[in-house]
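Chain IDs A, B, C, D and E follow the sequence of writing; residue 1 opens each chain.
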Amino acid sequence: MKKNSRAFSTLGSIAALSLILAACGTSSGGTDGNSSTGGSDAGGSEDPIRVGGTLALSGPLAATGEIHRLAGEQYVEWLNDNGGLLGREVEWVLLDDESNPQTSAAAYNRLISQENVDLLIGPYGTANITAAMDVAERNEMVFPQHSATLTYAYDYDRHFPLFASGIDSSRTVSETIFDAYAELADEAPQTVGFVVNQNPATDFIAHGHEDAPGSVQVAQERGLDVVLEVDFPQGNTDWGPIAQRIKDADPDLLWVGALGGDSPALLAALSQIGWEPRHQFHLFPAPGLLLGAGEVAEGATSTTLYEPQEPYLSFEGGQDVSEMFTAAAEEAGLPYAVAEMQAGLSWATWQTITAGVEGAGSLDQGEIADYLVNNSIETVLGEIDFDPEQNNYYGDLVAIKQIQDGEFTVVYPADKTADGTTIN
Amino acid sequence: MSTDILRTDAVTKTFGNLRALDQVTMSVRDGEILGLVGPNGSGKSTMINVLSGFLRPSGGQIHFGDTRIDTLAPHRVAELGLARTYQIPRPFSTLSTLENVMVGGSFGRARTDRDPRTTGMQWLEFVGLGDQADDAAESLTLHQRKQLELARALSCEPRLIMLDEVLAGLNPTEIEGAIELIKSIRDLGIAVVFVEHNMRAVKGLCDRLFVLQSGQQIAEGDPATVLSDQAVIDAYLGSQHA
Amino acid sequence: MLEVTDLSVYYGEARALEDISITMDQGEVVAVLGANGAGKSTLVNTMAGIIPARSGQVLLDGAPLQRLASHKVVGEGIALVPEGRMLFNQLTVAQNLKLGAYSLDDRSEIGALQQTVYDLFPILHDRRDQKAGTLSGGQQQMVAIGRALMARPRYLLMDEPSLGLAPIIVDDMFDLIVRVHEMGIGVLVVEQNVARTLEICDRGYVLEQGTLALSGTREELLGSSAVREAYLAM
Amino acid sequence: MQQWIQALITGLLLGGLYATLSLGFSLTWGLLRTINFAHFGFALLASYVTYELSTVHGFDPLLTLVATVPIGVALSLGLQWFVSKVKLDMFGTLVATFGLLLVLEAAISRYWLQDLRRIPTENNPWLSNVLSVGPYTMPVVQILGLVAAVALCGFSWWLLQRSRAGYAIRASVENPTMARAFGIDATRLGYLIAAISGVSVAIAGSMIGILYALSPASALIWVPVTLAVVLLGGLANPVGVAISATALALAESFTRQFADPSLAQLVALGILVIVLLFKPSGLFRPTVEVSER
Amino acid sequence: MTATQTRAPEAPTRPTDNAARRWTTPGVLLVLVIGLAALPTLQESLGLDAYLIVFGYTLFFWVTQASAWNLFSGFSGYLNFGHAIFYGAGVYVTANLARESDPNIFVAILGGALAAAVVAALIGYVIFHRGLAHEIFALFTFALAIAIGVLVRNVDAIGGGGVLMVSMVTYPEFLGSVNEMLYYLGLLLAVVAVVAAALVQRSRLGLGLFAIRDDERVAETMGVPTFRYKMIALVLAAAIGGASGALNAVMISFIEPEATFGIDVSVMVVLMALVGGRRHWAGPVIGAVLMFSLSDRLTGLGMTELSQLLTGLLLVVVIVGLKGGIHERWQRRPRAGLITFLGVLLVLLVTGLGGGFIGALLFALLAMIVVLVVPDAWWARLVNRSREGQPR
């Protein structure tokens, strides 16, 4: 019996597997069990248009993923309230990529081949976007995305980046930062200290890549004295020694290549050793946390592409995103319920795909792509002209915002500032 | 006098302060059953552990045939043809009875063109475990585990087998069977080192005795002589006076 | 009165003890003799509550002990000096002793018991902060006995106390058993040193293959060839 | 010179947190044979409770210990009860507690969302409360954390090495049968150890909540350093935990100060790897050595 | 010699165990593999989702990794929590080859296998000489993987200063699209891994490893060359893991040290093997299918938190209820398990209630687990009661 059962179980397991194979041939063929699909044949115009994408709903990137989820949901609601797309309702098929590029790639494959989505929208996070873009490329799908930073790496002609910093983003972002501080004229910083998270996005802006100079190089080119260059790992937990090194170097401008919660932790450590930054810049901090850092964060600058203020509120949808996102975020219980750059980018990405479809008048990926490269797109970031000569990147829309009196306000360039506010 | 198959020269094994073996010089002759006896704690099991390479001696040398083995890895010792059983059976608990025996047949000296499965079955039949071949070793009774220990050691096709209290815990009928079994092992031409407390069995089986007490050898020779030796009697029964 | 009635113990399917009945008084030294594997250790371990019985009972003054969780038996006044000492080798001598009194609560009494043990074994006092695992065999046996005495036992079960001891120390060991007995503690001693054991015991039992082969007074056993037979087959 | 001393101070203070976090993990592994990955979930939950109570309800972050410690103890006791009920082997506990960690993470992200959380400075007086001695500064909360670490490790050491319960615990790990024969109830002592582990993990968690930004995925950040401390320090050896936590924190601190912060973890783990290669049992002896078979 | 070693264990002892029986398992496996290999070609004509190709690849990936892990760790009892070292070695071979030009995928796979094998040989040589206790070994390897991740992050020559990208590889045209190529090669590697595990299990090497797992010292005294066997198995496991990692680099395309050497792969393979059962080659296969289809299904339904929650609960339930893993319990209760599995699967497929094929597969596996989790004593009572109910 004993022997019998072992043989039986081995055979059984194999028989089971082959049966599955046979079964999936018969049963899940024809009409798929998932009855909600069927948009791909574009037959009935009542069928919703399905837009597929993933976001980091769990894992290390999930904090920002959550913002994009809320913003996206609000956009889809807004769109459907305003007649949908091509007269059809829009349905967002959102999957979790767990902040993991492999999951992201698999999920985009699933969206295309199983969920039969009509359109794609990119995930959050450079790694996930890069992995997903490969899938989009293999399927020749239009791929608008909001936040990939490694501009040099992308050459897919149907990807539409909304992180509007130009193809030389590491240079343009850097130049913008120092241009902003140059406004201070005599009081402009002469020395700069770099403290950079090893995350690819922050690392790229700070250190560049082969032919693309980063902030450190730009600073040197501009004659600033780089007095400190420190990299720290993702998930760094001890800020004291880094703070000490900053204090010892005593830079005029503290340039922090920060992500998420890095900035407030660093600022706390700095204030504990009694060093106050004269000028401080933070690349991609979680804005709520930076504001929560209190007095030490006063005067901190950061990059932005959208803030809930003029002129952005006058841009296409600028008012809507601010109001709707804030309402939704408050309801969800986010501690910082202000629509800023991430929410704006999310909205702009949706505006891009919407404009492409409406402009092309169809769901044909080639036509959408053609429309997008040939026309200006109105977004909450302003007017965007995707330039196929530059891998669809375009001019630099990056602005600098600063915490003044406990609130973020745009201080550079002048055409983005509300009422002549200047950097201090 | 037949040739020695195993010879120890002044083997010593210490554990911390304890001298478990103290300069023991012992030899086993080809084809004999040597009884290794002594009261509890006298160092018999330590001796077997040292001989099998399970423990490394603290001093002295061990030769098996012409090969010095006290410096070899245990699996090399096994390959030379030295096998053992364990006092408390240590079967490979997640393997079947047959697979336990196949381990011996698959390695070292026993590794031949013959299928270890076939030879393994033969050894199981030999010790009387043929019907339990497919049972999990864990499910065996103590007696069967002892039999398995034997079969497993035999499956290595040893030239010398060391049996560590194979009779302990068995009932009289089982003991009788085991004694017959050990005789038939000798008849296969395998030398046996037999560690046992059951003196009736020792007397009945052994060609020679080697007596240890507190890690030291106190007597050696044919059973009748050795067992009437006063030092041995004292060792077992305690001396009447200090 | 410590009694064992119709006790049977099995390891899985293997029988270790069958229908054993013995009794002893607090004033006695009782020997349990027999060859290796006869079931002596099983008997004392069952009495100490370490091994569960399949049937039969251990009774202390008529009250069954077998229903108690094993960690409560010691509180009833039965302490074990196990075979191979089984000290907590990584604890110091003093700590081993204190653990013996774990079932007691009265600190001053524990102190007094400890003093008694140190009086009995002055060497242990000198070595009190040494790890038990580093002591010599004889000293370890002292700790084992001391530890058992710390439980303030009425009955002490000693499993092979002379095992692995140098001959000179063996004599001390037997003297010690007598002294323990003189403290008013009943001693059940399992021994292979038959000669010395029979010198000090009042009565004895001989086990063979898990059954009771013989019982009797010291004199009766001394005259019996069964004992000699059991050990040396002669 | 000043840099060296400041790095030393920073390292010491960080070592306090490492030790507090590692102590419970080490104790349950060494004495209860539970490799408890849920430990990191317990710490994270304590962090979030500290965050919640101080940010939303305005309690002083340190006062939240009144809530987190009982929670930590209750979770630890519950886990110990569960593990002893279902009788898992050591690797079984590892898998099961890893499952539990996932469950805790899911629960936390359900309640607090995936967003990054950090106690705002206005609710967190401890962030700016700094003790300055000459040119050197030390955050008071971390000093308190160090004191707690010393107290916890010291108490655990005293308990294990000097108290009656401690002998009993060590005895019952070394030889459960004999320990029972002398009246030691291992189950109850197991709960005692679990409770200490719960206290220390709650304190560590609250410290993390006070000092760092939280997200549901951040529990795993602490796994490598905890393992390093525990393996170096000798299982269930509170003194070993304290010393190896300090040593690793100092190594990291000096690396961050004088070399490159991004190499800090490599240095710490490198020390672990090298030590284990030359001394597989770790730098310190485990409180109780359990032979493999 | 080889023939006798690779024979199924049921082989020669009884005359009834004839050749037909012996070849059933490999035969059915072969049919299964041919069926799977034909799937991409037949997919459209059968009207199947193209997603099955992607699902299939990822499933093969996990089957490969879990089987590779099990080949050493499951069989020998040394639980390696740093399997990502070997996986990552493969990933980084492809990634570094891709720095210059689009690498040939076969070169990458072979290079990945080789690199992982070399790393394994180095690590194995050092730690097996050290004789770390099992639990120390487990957590040591865990720490080592993380340390290597940090090292790679900081050594530009390996890690490219943090990020490397693999956007395209070259491969023969007949392998079709990138997804199809991944599917075929993934299947190939999975077959290699499973067959290797099965062969090892039935060979002297496997027997030696099992002996090591149960009692290493006894094994050594019975002539098992324990050091050599541990080395061989570790290197073999690493080579398979590295080959699969090299292929997977194409799938991820964005290579970062933390994601590669982090906890994901290292822990997932352990969980898959422990859940499925680590004493048989089929165990990790079952575990990988179960855990991956569970996470795939829940991700597909957009239930992130639920996915984590259920994975966590599943681990607890399986480890508590099925201590030896699913396969082991199945061996004791094969009919009940198989009937439940197939029955539920068929019902779900026919009625379409499972939400497609993957869902049906998952629910059938879960139903089977429910049946297997019932403790033996209860099961016996249940079976007896139902038998008593029947008139004889």
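Operating definition for what follows: contacts are C-beta pairs under 8 Å (C-beta built on N, C-alpha and C of every residue); 3 or more make two chains touch, one makes a residue touch a chain.
Quantities reported herein were computed from a predicted structural model and do not represent experimental measurements.
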Common contacts of subunit C and subunit D?
none
Reference subunit B; chain at largest CA-centroid distance
A
Most remote chain, CA-based centroid, reference being subunit C
A
Counting C-beta pairs in contact, which chain pair has more, A-D or A-E?
A-E
Could you give the separation in Å between the centres of subunit B and subunit D, each centre being the mean of its C-alpha atoms?
50
Centre-to-centre distance between subunit C and subunit B (centres being mean Cα positions), rounded to whole Å:
31
With chain centres defined as C-alpha means, what is the inter-centre distance between subunit A and subunit B in Å?
73
Where subunit D touches two or more other chains simultaneously, the residues are 109, 260, 262, 265
For subunit B, residues contacting two or more additional chains:
none
If you look at subunit A, which of its residues touch at least two other chains?
3, 57-58, 198, 233
Please name which positions on subunit D make contact with subunit A in the complex.
3, 6-7, 10, 13-14, 55, 109, 113-122, 127-128, 130, 132, 137-139, 211-213, 215-218, 221-222, 249, 252-254, 256-257, 260-262, 264-265
Subunit D-facing residues of subunit A, complex:
57-60, 62-63, 65-66, 99, 198, 230-233, 235-238, 240-242, 244-245, 248, 260-261, 264-265, 268, 271-274, 286, 288-289, 292-296, 332-335
Sites on subunit C touched by subunit B in the complex:
11-16, 35-37, 133-134, 136-137, 160, 162-164, 166-168, 170-171, 192-197, 199, 209, 228, 231-234
Would you mind writing out the residues of subunit E in touch with subunit B in their complex?
1, 4, 9, 11-13, 204, 207-208, 210-211, 213-215, 217-227, 279
Okay, in this complex, where on subunit E does subunit A touch?
8-10, 21, 24-25, 28-29, 31-32, 35-36, 39, 42, 46-55, 58, 150, 153, 161-163, 165, 167, 177-179, 248, 251-254, 256, 258-259, 264, 282, 285-286, 299-300, 302, 304-305, 307-308, 327, 330-332, 334-335, 337-338, 341-342, 345-346, 349-350, 352-357, 359-361
